[in-house]
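Look for chain A in each of the two complexes below; its partner is chain B in the first and chain C in the second.
Then we have the complex of A and B:
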């Protein structure tokens, strides 16, 4: 899973410290440092009294930051740190913003409370909301009794201590809450906790393995056929365990109304739409325990990032079209990266085959207010070569042949060499594909393209946008069949990663450095002596730049001796550029930058300790301006400003990390 | 020259002819003599702090502003939750602690302990304004939180029930509920400025009355809402002090309520009470083995 480096470990424990306090963070950092340990071992490592330790562990477990494993039902537990969840604390802001913009404010409120409370029983959540609703109702009743009606303007002043009034209550009733939770479960953003949720992947693997060997292969696995069978069974078992958290979603879908309801939810105005559906939602089992599913959240965040990427390349309208397509395709995609063991082997599974979406489907979900003619060039039809247009459609069968290859490449690594071999494959397959697709061309394009001079209907415009996306070197979209579109995430993400890396390189080594890197990427390994001719720069300049970049970790050098007896003067020095290696380097730098941000924040807090403790006083809170001395107040607002800036930087760094590591 | 301290003797003979005690330099023996004479050597030392273009982060756009606000609000609400431990025992004073640590022992030692011995004598005398100070918790308050116990290892179950306290301190847990945070905003610097502007515009005086009325309302409301729990606590606990200092959310509302200097604070001058205060730290009286680490 996640590779935990020293800086990442430090960052995670700082994040836990920031949100959940010192006690959990101490235990968490020890767990990261020492790995799997029992409570008594932890006690020894941390030199804490065991009562304190137990409290800390309970808090960590409540917030889903631990894995634990029991050998015997009542024996000691082995704890392990959940690094992904700890790191995801930095994304909370993004996740909440994403949920709000896709599902509306009520969903955001529920999500926020789930994030706050960690794993939560549905009944408890319901009760808490009910209490809040009751309180608001009481307040309203009191208001009416006392005859105070127009208080809206004072709200801001007194906001913190004042409970929400009925009018600004986000969740209006428990039925409303129920439907919001159902919606989030359908979107997979909320998961069900089950018996194996808190086991590490390795533990689950081991149990499944044991079970399979015991039931199906008591005599051991022999021979190629059995081995394949065994692998298949193993993957199936693992998939079954993983699928358990989705059981609630399946149940909701079985209810039959799910898909219909979802449509209403999308189409109608959020507030208006909810009212009608509430009743049709099944009431959730109050004993069930739910928690936030970060994996799906990062899928959603990835979609948004890709749309942003498309908008950087093409512009708003095209990226909007892309957004609609990506939403359709990722709807049932549970995670960004497929597990090589679990996902690849199931041939029958739909996970492997990316969903194809037809043009009409996209057209149906486009808002009519979007003017598709914007963002498209309108060259004379005579200037468009028929061959090129034809080629666009051709892509379908040819690409179909190497889908498996493409996705596998994207998943394994984003290496230059493999990319070029990809290219060759494409060319090789190109010829037969040509003959294949000609019919398609005549069928569709032939009728639409030529006659209308300037005026294109909406559907054609949409198709133009999609062609634009599919023809780009970043290969945003693949035209997988006549009028069907799909996305191969491997190549797009490789392009995204490269563009992110390029931005970093340009920032650190300047445009010349970036140019050198591009040349190296295009050519593979290059001899030091051949470089000046190719790059058209002075030798000394090149050397200086290359050394600078090598120090930064963007390019690497390999020494190849000419003779068996290595001689420095005679050997070749090959420069090359390894995306994976520079990725690790950039990741590490980003972690350090983030750690630094947190440390700066800590120091600022220490400096402004007296101011902050004043501002936290119960009588001052919410009325800082009135009660604090001017000098103090200035320091306080300055601190708040710097705090925001630091977190902004933190999130920027996280964006880079997400693009390079998680998507 | 010879390392044995003798300048002179035989060494002098080998060093070449001497001119007034300095050695004559041969015409081409220095490395710079062979270089072209047009070069002017820059003898200045390198600048200690050369001018450096500090990269400046772009201003956050609207979406990012929103994300930051949500994160800060989330953090603030986390800090409001009963599971949060306020205490910072980590010694940040650089003069007393070494920056670098070797081994876990030293890291552990960094986390100073709060006990009677570490009380800051200058701030220890109770003052009026201390009642507004946040009550800090050294241990999370698990007793009021509804846990889904099946997802916790069995060894933690007793802790979750609040039965992990030493016998004399154990208090009956009230009804467990997941309290939603009342904090609905985290002030930004802009908010504060806006507020200040509004204040200066002169709206303040009019709202004063309404504010007071609202506060009153809140109090009434809170009392009705939490009345049951209050009664429960006071019924069980003879010890008033425990209620005030260890009670969960109502500690805060209590503090807000007691605007006037009420009889509670009379205890400030009760010497025994004063020293009892040390018991507040939960490190020390920990179950079986707390003491040995802190003596």
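Then we have the complex of A and C:
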């Protein structure tokens, strides 16, 4: 659950204000301040006429920014602010970009409309698009009649009333729209609204708990066995509620091997493929209400962030390989952070154990245009220890493997001892050993490609990249079995978080500050006097830096008196670095920075009101440079530049927050 | 009669003294402690009729101590024991004019190469200020002792025997020159160590990375080599259009885009590449130490492995290099080699002198991350009291105005920016 701080609350109401206007924002901020309230309470707090209040609540409800709960079927509804979704408003741009690059422009368009209009019935979405298509058809007909080519840019994206030419239409027919939605549902980026969507997790939990106690344990839960049973039932119930929104996806999956068929067409020409595809998708029930599933979106965004991280560490090709692997592994991952109650106990450890992907599966998904020989050094192959690569196989920290291959582990460690004596022929000796042992399943190293020929096939190259990833201290990848790869998200995300924190520290306190923080992280608590010896910095510099960082919240100090009298002069001063605390500090600072960015933007808008109102006139729009006075236009372009900078800053802060908090 | 006997005794004692002193010298260095048992076992002192063996030993040792040739010590572990002192040293003692000077000299001598603070001398001897001062003055004039500086306590006046060199603890080891941390030397050494590790731990693209697509075709499936390469070049261009209907490029999109731009624009070309996993030759601390000592960088200072390890640790903490273990061999490699600039250290130095790239570190690269640092809020000194409607708030923030490049613009209507707020 998100921890709502003052600055986060402020940020959220500002975001709501920015997107949906002042009325919903005021109600939202009151809800954040006062907590769960009924409509009549809200009326009192906001001093709004109930008509307005109802309007505001409707807007919030429409955009899923509100939870409600009914204690009794006919009682008053209690409203609560949905902070996660409000914060996600800042991420909308990123989500759209991600959707566009994954599923193409049509999907992005649909997603954008969905984001703009909140949860929507399929029928309404269809109707909106149908209208647009019709109008475009008419316009086209008109154009043909008059023989004029329209100069105006189409702005179909926002559902504006510009007539669009047929060729510029992103969604070409309702069947096309249907198939686009189907694809997004299959990817879990869109899910279904149901009655429980609007209840908080706690409410759902309580309801399920009550139900289970009433039906299965009327006499109360007693004994260990019953307790376990109760837990299991509870998790099941919760899973069931959660699964409801995925029912559409399941239906699609049952309907046929749509995804499989798609794979065949994907390599074919775009236009030819689409037609076939559209027919194969089932027509969605027009009464169903769909919405954007932010949880899955953040999984996708996390994958992108990790790829970027890998690219930062190793370069593009390796990170591309990593991206393919992540894609495979996160395909069915519903959310970034698994719920300990619902997810861990489920389905006999299947959810618990991360998916393992074989080398061949990755190889099959690699684009043929990617040249895997790039991106890795080409050393003298005698300097590469095959034993070390083999070692990676054995040392995979998977319990199952350790038990099975207990002897193999022992062998490996003795082998390493020999190998460290650096004999040249060692490699030749190791290959057969490896094939006999763990790698015997595929035997590719030993048989197909003798290493001495120094020619590698694509598969070996791929393995090289994967090995590089698994060798790194950031533990991007785990070589979980012979030719099987998996990702432990815990360690790699910790590394990501640390690197993000490091970047912030470096930017605020410089390299020396970063060095000090790393030392404290490596050594734990350190006396002030022990530091100079390690850091190789002047004592006065260190003291200054430490104070600076303490003020910024990156390091903390603890005073330990030497005597009961606690003489300050004689006390020890221990410095330490609490990552969790500094994380919270950075988060709060980032929220504030975001709030300030938005407020500055508001001030700027206020200042340039006259200019902006001119630019909004329909006759000026799109031709600002021609029609505005020079001075005005300068101010306008300056404002646009500032706005870009501020939004960019918002995005950066969000990236940091996402890495620290959400992934 | 008694006189001659005492004369004879004296002569005898002198002989015993000399033999005992010489034998003890043979049996160990100046720091070795000899207990009573050790001295008896030397078999120098015979059974004496009148005093007994022990009595005679007592007399001999007492005489040696009087001559300052023996130093008596009493430690809780080994009990009463003695060390020997060279004749020249002893002579220094005996040449001193009075008891006080001798005590002062003795205490300085005892402190050895760590030196001793003059206040400690006073405290230990419980003598008057002026007496100690006089003694020290005399000893300094004679050239027996010298002042020294301790890095741990730079303000304390310390004394040391003139013929000793201050210990590493007092001087701070090789990193200090004249009691000051030698930052320039350390930085230079860091850069050299980094360069060494860089050249040893990553692969340098042969032609300086002028064309990544031209890289050797080692890894291409036989027979299809030229096609594959050609496709790589084409594929990169095609990818943008491809993306729309492909299944995979969700993740690749960003990277492929980067990839396509990277090899084409000049400064982004990777000049270094990581070695494949299992590389056995990442340099170890020992290798680096050997290199540094062999290069003659530190002429007067000997840098041991622990010293080099310190430098390496600092580089690790700076995020420039990382330890990596291959087959129980702990080596070091640079982080993010593909981002390293192709220019080497010497060129960078020249560039810096010419004023190019002063904001970049001399060697290595800055740590990565999303980077929020350019935002004014992150390093704002008054962030805690900043709020809308307060004396300082986002709407009248000078830092934001500066950041957005608005500071010199008069804004009609809006709140005025007050330049005096600027720090």
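Everything that follows uses one rule, which is that the second predicted complex is superposed on the first by the 561 of 663 C-alpha atoms of A that agree within 3 Å, B and C clash if a C-alpha of one lies under 4 Å from a C-alpha of the other, contacts with A are read in each partner's own complex, and residues count from 1 in each chain.
We adopt the following convention: a contact is a pair of C-beta atoms (placed from the backbone, for glycine too) under 8 Å apart; a residue touches a chain by one contact, two chains touch by 3 or more.
Model, not experiment: these values are computed from the prediction.
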**OP:** Pick one for A:514: touches chain B only (first), chain C only (second), both, or neither.
**Re:** second
Note to self: Tell me the contact category for A:365 with respect to chain B and chain C: first, second, both or neither.
What the structure shows: second
Q) For A:93, is the partner it touches chain B (first), chain C (second), both, or none of the two (neither)? A) first
Item checked: Contacts of A:57 with chain B and chain C, given as first, second, both or neither -> first
| request: Answer with first, second, both or neither: which of chain B and chain C does A:607 touch in the superposed model? | output: second
Which partner does A:470 reach: the first (chain B), the second (chain C), both, or neither?
second
Original post:
Should A:129 be classified as contacting the first partner (chain B), the second (chain C), both, or neither?
Top reply: first
For this session: Mind working out whether A:282 is in touch with chain B, chain C, both or neither, as first, second, both or neither?
Result: neither
Check the residue A:649 against both partner chains and state whether it touches chain B (first), chain C (second), both, or neither.
both
Footprint intersection on chain A (chain B / chain C) at 507, 602, 606, 638, 641, 645, 649, 652
Interface with chain A, chain B side, in the complex: residues 55, 57, 60, 63-64, 66-75, 77-79, 81, 83-90, 92, 104-105, 108, 111, 129, 132-134, 138-140, 142, 145-148, 150-156, 159-160, 164-165, 177-185, 187-189, 192-193, 195-196, 199, 204, 207, 210-211, 213-215, 217-218, 220-221, 224-225, 252, 255-256, 282-283, 286-290, 293
Chain C partner, complex, touching residues on chain A are 98, 101-102, 104-105, 262-263, 266, 270, 273, 300, 303-304, 307-308, 311-320, 323-324, 326-327, 365-379, 383-389, 391-392, 416-417, 419-420, 422, 454-458, 460-461, 464, 467-468, 470-471, 473, 499-500, 502-504, 506-508, 511, 514-515, 518-519, 522, 534-538, 589-590, 592-593, 595-597, 599-600, 602-604, 606-607, 609, 638, 641-642, 645-646, 649, 652-653, 655-656, 659
Counting only contacts in the complex, chain C reaches chain A at residues 175, 181, 183, 186, 202-203, 212-213, 215-222, 228-229, 231-232, 234-236, 238-239, 243-256, 258-259, 262, 270, 272-281, 310-311, 313-314, 316-319, 322-324, 326-329, 335-336, 338-339, 361, 366-375, 377-379, 383, 386, 388, 393-395, 397, 400, 403-406, 409, 411, 413-415
The residues of chain A that touch chain B in their complex are 18-24, 26, 30, 33, 39, 45-52, 54-59, 61-63, 68, 70, 73-74, 76-77, 90, 92-94, 96-97, 112-113, 115-117, 119-121, 124-125, 127-129, 131-132, 135, 138-139, 142-143, 146, 148, 151, 153-154, 156-164, 193, 197-198, 289, 507, 602, 606, 613, 616-620, 624-626, 633, 636-638, 640-641, 643-645, 647-649, 651-652
